[in-house]
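The same chain A turns up in both complexes below, where it pairs with chain B and then with chain C.
Moving on to the complex of A and B:
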């Protein structure tokens, strides 16, 4: 007796799960009926192969379902026509050449099911059926590619819309002083998430309509402040960003250990980072210097044993300001 | 010079999702293993040569809008780092050559610091 090989199952590890791309995600999210071709050209079992050839040529398709009395009975493809041409047999009926071994997919299935079937059976197209088994369309790898690309494009447009909405925030809200406050808790020694607060802040600024230069300057300043909290602060700290139409204020605070000599800490190349941290490329002694370079105002207060508070400001030129100055503010100036 | 030409000439391995590298033209080059120095010295749209391969290189490249990172001496980033790079749209390339040789080759191809 033949031994049945153990079924190969693949467990997705957390690591692998992180590697799943947006395209793969979409293959699970999108349903077959979203990407399939409707109104597929149909053939009948009694049609001559020559006629099918003409249909394929005119419609520029390479396969069609064969329908008899509203029932799906087979599928005819360009390969079948080639076989037929070899025999010089174009007057034969479709029924002589069609394949009747049918692999179908349901319209409510995720696209990934259609992909699996296409790969396993090596067929070029799958008839799509509804719950009653009635043909509703045809799906090919080309349809799937187009569908995925369209969905990706849609994702991109959604980001554009988000940006558009966010960029109107400051115009739409009328107050004497509108500001948006973002707050991030930074954990000590959390190098894995190092740079995430700064990435989020940069993205938020871009969505709000900040210029790439402003977003980059802010990103760099916050990154250095964030890494300082990760590397040095006993219990990590808090980054608070206040966005106003004309300025961005960033505060990074922690509760220790504090800086012994603030002036020395500001010197390029001075660092108290451990050897281990330096090996990772941190602790170049350039963090505070970089922050100073990127911002318009910088204030560093520190008490040894108590903690450190860094407050920085980036001013926006009139043409860079978020939104237009609201009517209320105009009235008062 | 396009990023594709650089990848071909330096025989670099593309670790992140492929993009149309023929459409990407790096503005300049920068070489350092100290992240804050890169923050200070690398121009946006540039290529960064480093032997650091941990996940913070992605944050640095994303914040600076770098064109690509070349990780040297066959250093291998963690899968999570590659995933993060794909998410942020950062391109990571790899080479067995050291920083010095890589920077030298880029210079020969006409890439400059400014």
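Moving on to the complex of A and C:
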């Protein structure tokens, strides 16, 4: 009976542990068809071994699938050619030397499946097939390494670095009450740039480590508020966002014309927008209703002839809070 | 369904460059009122619309839309395409109308990602 070798253990640094986990994660995330080689050089059963040798040399490859009438029938590799050379038998057909015991992997499988098969069977390459069993590519350990490296590189793109830096902001700065304030000036009737403030705000929240759900709720609410300023406010307005570990407060203010009947304005479908605005896809009377749906607290104050102030709040649960949980709890108490 | 399968199905043309074609499309939402989209759409949906202005891209960005299909073969203005490129949201133009596109996609198994509206929000009087 085979004895199971004792597991090797060694101390690894946190940094190393993080990298290993990410590669392992990627092996499960990445699909075979992303990393495999397409347009693999093919051999046929009747081809002479000498021809295969030439193909291998020219294409600098060490194996190829053998195809007969659109069907995968075998694999021919450099080892088979070496065997053939020993016999001085290069005029023999591929069918005499190819291996017909095939281990395949599906294109929709995660890369880790291909890795497992490569390790267990000790073969150098696996034909990749689609759901109908048709050959679509070839995968080797080299392909997998390249694919993982590319994915890792992609992971560390600028956005990630920015996100990493920003997400530590609330942890790195100690104060009795830390908050980050963002301000945007919104121009009236500027439909072309409408939504750019909301776009910056959503991105900022994601970089600070907000969950996609929180960023989406804030994004939708602030976008509707921004469009309201563009559509209705005489001179545009100001959007002010205050981000604290436990909550996000957004204020949209303008200096007119003001809302005649706030209660009516809150009614779904009520709108005073012009035809021009409606053509842009807005002014359906759903803006304030949408905002209310996305936030935890909403206050709308308006004086006709003076202006409007919309104040909304989104509360963050402990696990969603920015920065350390301890900072979050301090703010709450 | 991914972007390549989608474009084949709707005979669409991708207008934006370098888009991520591997991101899965989980379902669909069709509307010309952006507030309706924001009110009802769930994340990772495809947005079908007859509008061409930059607001469709902003709306898509806020609502985590996977891609935008512009119906009736319309060509959006440059500012819309520029914004879509900037934000990495694929824009696809299809020659078919809204109804035909909804039918094709629904038949291909794409579910609706439009939330139903609650009764208190239905009053448009």
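Going forward, the second predicted complex is superposed on the first by the 168 of 333 C-alpha atoms of A that agree within 3 Å, B and C clash if a C-alpha of one lies under 4 Å from a C-alpha of the other, contacts with A are read in each partner's own complex, and residues count from 1 in each chain.
Criterion: a contact is a pair of C-beta atoms (placed from the backbone, for glycine too) under 8 Å apart; a residue touches a chain by one contact, two chains touch by 3 or more.
It should be emphasised that the depicted structure is a prediction, and the values quoted were computed from it without experimental measurement.
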Exercise for the section: Check chain A with both chain B and chain C modelled on it and let me know: fit or clash. Expected result: clash
Exercise for the section: Answer with first, second, both or neither: which of chain B and chain C does A:92 touch in the superposed model? Expected result: neither
Practice task
Could you look at A:175 and tell me whether it touches chain B, chain C, both or neither (first, second, both, neither)?
Solution key: neither
Problem - Which of chain B and chain C A:145 touches, first, second, both or neither - result: neither
Practice task
Could you look at A:34 and tell me whether it touches chain B, chain C, both or neither (first, second, both, neither)?
Solution key: second
Exercise for the section: Give one of first, second, both or neither to describe whether A:267 is in contact with chain B, with chain C, with both, or with none. Expected result: second
Practice task
For chain A, give the residues common to its interface with chain B and its interface with chain C.
Solution key: 191-192, 194-196, 198-199, 202, 212, 216, 219-220, 223-224, 227, 280-282, 284-287, 289-290, 293
Problem - Partner chain C, residues of chain A touching it in the complex - result: 34, 191-196, 198-199, 202, 212, 216, 219-220, 223-224, 227, 267-269, 280-282, 284-287, 289-290, 293
Completion exercise
chain B partner, complex, touching residues on chain A are 15-16, 18-19, 21, 191-192, 194-196, 198-199, 202, 212, 216, 219-220, 223-224, 227, 280-282, 284-287, 289-290, 293
Exercise for the section: Would you pull the chain C residues touching chain A in the complex into a rising list? Expected result: 22, 32-36, 38-39, 43, 49, 51, 53-56, 58-59, 61-64, 79, 87, 120-125
Practice task
Quick one: which bits of chain B touch chain A in the complex? Just the residue numbers, please.
Solution key: 17, 33-37, 39-40, 44, 50, 52, 54-56, 58-60, 62-65, 79-80, 82-83, 86, 88
